[in-house]
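Shared chain: chain A. Partners: chain B in the first complex, chain C in the second.
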Partner chain A sequence: MTYKKPVQKLAGKIREITLGENLKLGGESVLPFYSFDGDTGHKPVIGMEIWDVHPENWPTTVMEELGDRVRNPVEWAKFCEEKYKPDFLCLRFVGANPDMGDRTPEECAQIAKEVAEAVTLPLVIAGCDSNEKNGKIFTKVAEALADKNFAFLSAVESNYKEVGAAVGLAYGNIVVAESSVDLNLAKQLNILLMQLGVKPEKMLMNPGCSAVGYGYEYVITTLDRIRLAALDQNDATLQLPIIMPVSFETWKVKESAASVEDVPEWGDQEERGIAMEISTSVGILAAGANAVVLRHPRSLEVVREFINSLIQ
Partner chain B sequence: MARFMTIGERIHVISPVIRKALQERDPAPILERAREQVEAGAHYLDVNIGPAERDGEELMPWVVKLLQSEFPDTPLCLDTANTKAIEAGLKVYDPKPGKAIINSADAGARIGMLEVAAEYGAMVIGLCAKEGIPRDNDERIAYCTEILDRAMAVGLNPEDILFDPLFVVVKGMQEKQQEVLEAVRQISEMGLKTTGGLSNVSNGCPRNLRGLIEAVFCSMAIQCGLTSAIINPCNKLLMDVIKTSEVIKGWNLYCDSYLEL
Partner chain C sequence: MALTGMDIYKLLPKKNCKECGFPTCLAFAMKLAQGGVEAEKCPYMSEDAKTRLSEATAPPMRTVRFGAGDRCYTLGGETVLFRHEKTFVNRPRFAVAFSDTMSNEEIQSKIERMNKVDYIRISEEMYVEIAALECKSGNKDTFLSLIKRVKDGCKKAVPMIITSDPEIARAAVEECRESGPILFGADEQNYEAMVNLAKQYNLLLGVTALDQEKLYDLVQKIQNLGYRELLLSTGSTALKQVFDDVVNIRRTALVSQDRTFGYPTAVFAHKLAKEKMMQLAIATLFVEKYASVIVLDDIDYSLALPLFALRQNIYTDPQRPMRVEQGLYRIGSADENSPLLVTVDFALTYFIVSGEVERSKVPAWMLIPDAGGYSVLTAWAAGKFSGKTIARAVKEFAVEEKLKTREIIIPGKVAVLKADIEDELPSWKVVVGAEEAALLPKFLRDYTGKKVS
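This part shows the complex of A and B:
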């Protein structure tokens, strides 16, 4: 008898979501990278982080390459698009933080509009640390970028009504449902947004990210169980592509932030930061994420190579 | 793990409204019952036309086409002892929403339904009985094995058979309830799918108790491995108990709104 390779057939399929005009996410009906079992859908995509304000404490070589462009998000975005060729750009309104300048929603909308006009890549809009403020920012930015199909990071339990109604219902953009590494809440928040009337094709999810070493195993098992519920149990409420802002987490932990003067035995600071960003990314991609946001061009290169090596 | 499958039982010739509608080929009452069951969350709709000896071959295709035109996403369970009527129904059945189920084959006179299922690519309920109610579980399992052997011989996949151990009425056959549950366990342990008619259990009981009895029996049977049931989906208590059982079994991921889905 000839050997017949066993195939794990799963009942469900991750919904295909289009970011911007034609960046497609999801579509897989197998576990991440399990091309031997069936259709792996669209390749995971990578976005690069851009700020509305001049960043402090970013890696030296990145700052050197960017030069004065970091003072202008439009120039910064154009440069990243041309030089590093990411799949999308993530415009993050750090300057809207109440203690970082408290930029108004109107100003954020103006910047987002200028960036969107200057580049061809789709945008992912990220807010500041205040969920309350984000509700206001996202409303204005979504209005300025109506029907662009850009994603907004994120709607959380405390502001999902405001964000869902503005981003997903009124202005035709994509709502990212974010929970804090809580499997049941991830499902619940998706349901609440759907019950609000947001169409699943206007949704992505971020079930909560952390850097390696910071509750990361729990992030991974949460992703695993979400993907198994979506694919094995055919749970339609969880069949959404997953986007994770990896760089938001990995560059603030001490392994990336501590200077070489403080901990000489840890070696070069920038190398450490890149290593944290890459190792966090490959783990969550292998556990089911469809999109990651990165900061360092080297990480982008390595993670892209990782994806391409696993999916021919 | 797959979810629990529900087959709505309310299109049944025993109901005077449905009997009349079938006789007069009046779509409205049939579609209304179909709609309320689909809206209540039934996965399959059972269509019982009775023996229909006179016009079954014409009646079954009519009702199949009627329901499929109105509910193209809901698969059907064709329910009659009349083989020719089943075949006529399967000929016009569109399997796009899911394979049709034949209700039912048994280890006796109706064993030929297995061939019909194999021929038309349908699923089939395998009633673990020959004549009347099986005496005990030795008999049930013997009939189950007989059906399985025959099914394999005619090329039917075991996954396409729902074994029905024959649920019995609690009022009068109380001492048999545990035995039936044990049969569900034994059949499930063989890796086979199971089903059963829940209204059999509560038959003859006061109306205010029937829903409760069916819900509790169903939950106990699910714990024994039951994978589907023929039910009244308009019994909200039963539907909620099934959804909760799926959560407790780990077949569906818990969230606060799980009953609303």
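This part shows the complex of A and C:
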């Protein structure tokens, strides 16, 4: 017998979404990196995290490289764009958290506007831990950045009407639909947003992320199932590119957060944090994510090289 | 290829005697084709028919073995492409690469690093299972001395002998036969000698060829020699191609149902990238998508922590989340005045938290209510970790009789539960603990310190 290489032809295709002016996501009609089956679409992209407040407990070398710029999101953003050349920047309003300074939506909008004017990269706007507050921030920020086509991370079940209406309908930006590691929940939220009138071209999804070792098997399985539903069963409600804020999860788990004094046998702390960030990203990229947000420049470099060597 | 009911019917004695428990031979054949019954149920089948049937009804991917004694591992035997379809059964094993052209110091320090990575995560011991020993010198004695050193240095690792020279291979196998090594290096030129050697010592044989087509042909030749304890790897040197190879070998077995590729695969991550973090990325990819032996240049905790955790995640049974039994657990020499913590019955959470309590050296109690087997926030969001469930556990496990303390420490992530619990347990005070278990040791020391002073 001679070898017959199996080919899997799938019926569906992930929608092509443009972030900002010309950063394209999605467009694939095969499973992640399955170039032997067909068109892998646009290369997965990588964003870098920027905070509106001075970050606590960030890796030492990152803090050293950023220096005083971390006190000013505009300077910080400019520096990252020039030095590390990510595909996008993720501006995260940690300081809007009611327990972390309770920055007002108006102030957030002002910061977002200044950052957007200072850089050429597209922005992804992330909120704080309070979904209620996020509804308010996103409304103001989306207004200040009207029709920029930036993404907002994220609309959840409890605030999707407010976020969808402001971000996706009134101000021409992109809504990220975030659900909790379950295919049906992801589908349901996408449908609700579409019923609200948000155009699929103005949507991305985040079906729930975690760090490797922390319920990560559910994350991978949910991604597998979402991608198979979108591509194999041609389920149009799930054919949206996926974005995941990996760094939001990986830097707080013990593997990254424990100091060398705490666990001497584990060795260099920063190295562990980078490894957790890389492994978590690669795992979800291989299961279907189209974009990831990272914190450490070294992770960015490695994940980019990884993507490039799988897609040439 | 799988046999149809009609194919099987042709192999049966056609006596319609019903001894198999089916009304006719045909009915029995149909059931056999679906895999719902064993061929042995028919006492009248010829030997020849039996072998043909058992081959045809064998699982699409073989389960193979290596190692010896309590370091015996199984690879392969997978039946699905995605873990939600059923479950992945035989986890990949990690290897660290050595070669006989390395300096003594390099070998020594690798051995030390390998031995250093040994820890428990959710009741599973994590360490590198394989030492991949490559003969690059072409010299038998040089190679044997490497094998000896690594064998003596890393008692836990099973050797994987890597050479294409059958002479050297034989000497190497004899050097470490008691540990059940993997013999890696059957190729187009040497396969007959290698198969003989593997047969003689009953070894898992690594087979390699330039690309998928050549590998396929070579496996057929080896099967024709009657050997089926195989581990496959193409000689591709670019990540993109290796991914193609590994995925398509698995799909050929499971989707095309072609057992020529029904064997586990090995990936040499250290040959695809030099840099450590890039090797980590590559290893991550292949834990998820489908390799069974993954070779790295080196190991340390920064690589092991994500990789072993990922492997443990991906290879848990999706139908059966790991749960711990509900109850009141004593950590260390806790007495009736020791602090009481509450968490959920999700195994991952329980083991992380109890590990941190142990690390704190503060003797304590842990109360585990029925939280549906979910993580803290999941259980809370699902309404399974609430004032009611916690109060019920306090009653059920007679906490008030066993302990004098009337304070209960709850996970920081569910600080909102405080009032709810205090409503249900009026004589108790709720203390909100740290958000991450890693902060527990400090928290517990401060907490007990305050009590004493």
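As a convention for this text, the second predicted complex is superposed on the first by the 306 of 312 C-alpha atoms of A that agree within 3 Å, B and C clash if a C-alpha of one lies under 4 Å from a C-alpha of the other, contacts with A are read in each partner's own complex, and residues count from 1 in each chain.
One rule holds in what follows: a contact is a pair of C-beta atoms (placed from the backbone, for glycine too) under 8 Å apart; a residue touches a chain by one contact, two chains touch by 3 or more.
Everything quoted here is computed from the prediction, not taken from an experiment.
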Touching partner for A:Gly215 - first (chain B), second (chain C), both, neither: second
Touching partner for A:Lys4 - first (chain B), second (chain C), both, neither: second
Chain B versus chain C as contact partner of A:Val302, first or second or both or neither: second
First, second, both or neither for A:Arg225, with chain B first and chain C second: both
Residue contacts on chain A - larger count, chain B or chain C: C
Contacts of A:Asp235 with chain B and chain C, given as first, second, both or neither: first
First, second, both or neither for A:Val74, with chain B first and chain C second: neither
First (chain B), second (chain C), both or neither touched by A:Phe33: second
Residues of chain A contacting chain B in one complex and chain C in the other: 225
Residues on chain B engaged by chain A in the complex (per definition of touch): 1-3, 251-257, 260-261
Parts of chain A lying in touch with chain C, wherever the complex brings them together: 1-6, 8, 33-36, 180, 212-217, 220-221, 224-225, 228, 252-255, 257-258, 262, 265-268, 271-272, 274-276, 278-280, 282-283, 286-287, 298-299, 302-303, 305-306, 309-312
Complex contacts: residues of chain C adjacent to chain A: 82-84, 116, 121, 212-213, 216-217, 220, 238-240, 243-244, 247-248, 251-252, 255-256, 258, 260, 275, 277-278, 280-282, 284-285, 288-289, 300-303, 305-307, 309-310, 312-314, 316, 318, 348, 352, 375, 378, 381, 436-438
Contacting residues of chain A [partner chain B, same complex]: 11, 183-185, 187-188, 191-192, 195, 225, 229, 232-235, 237-238
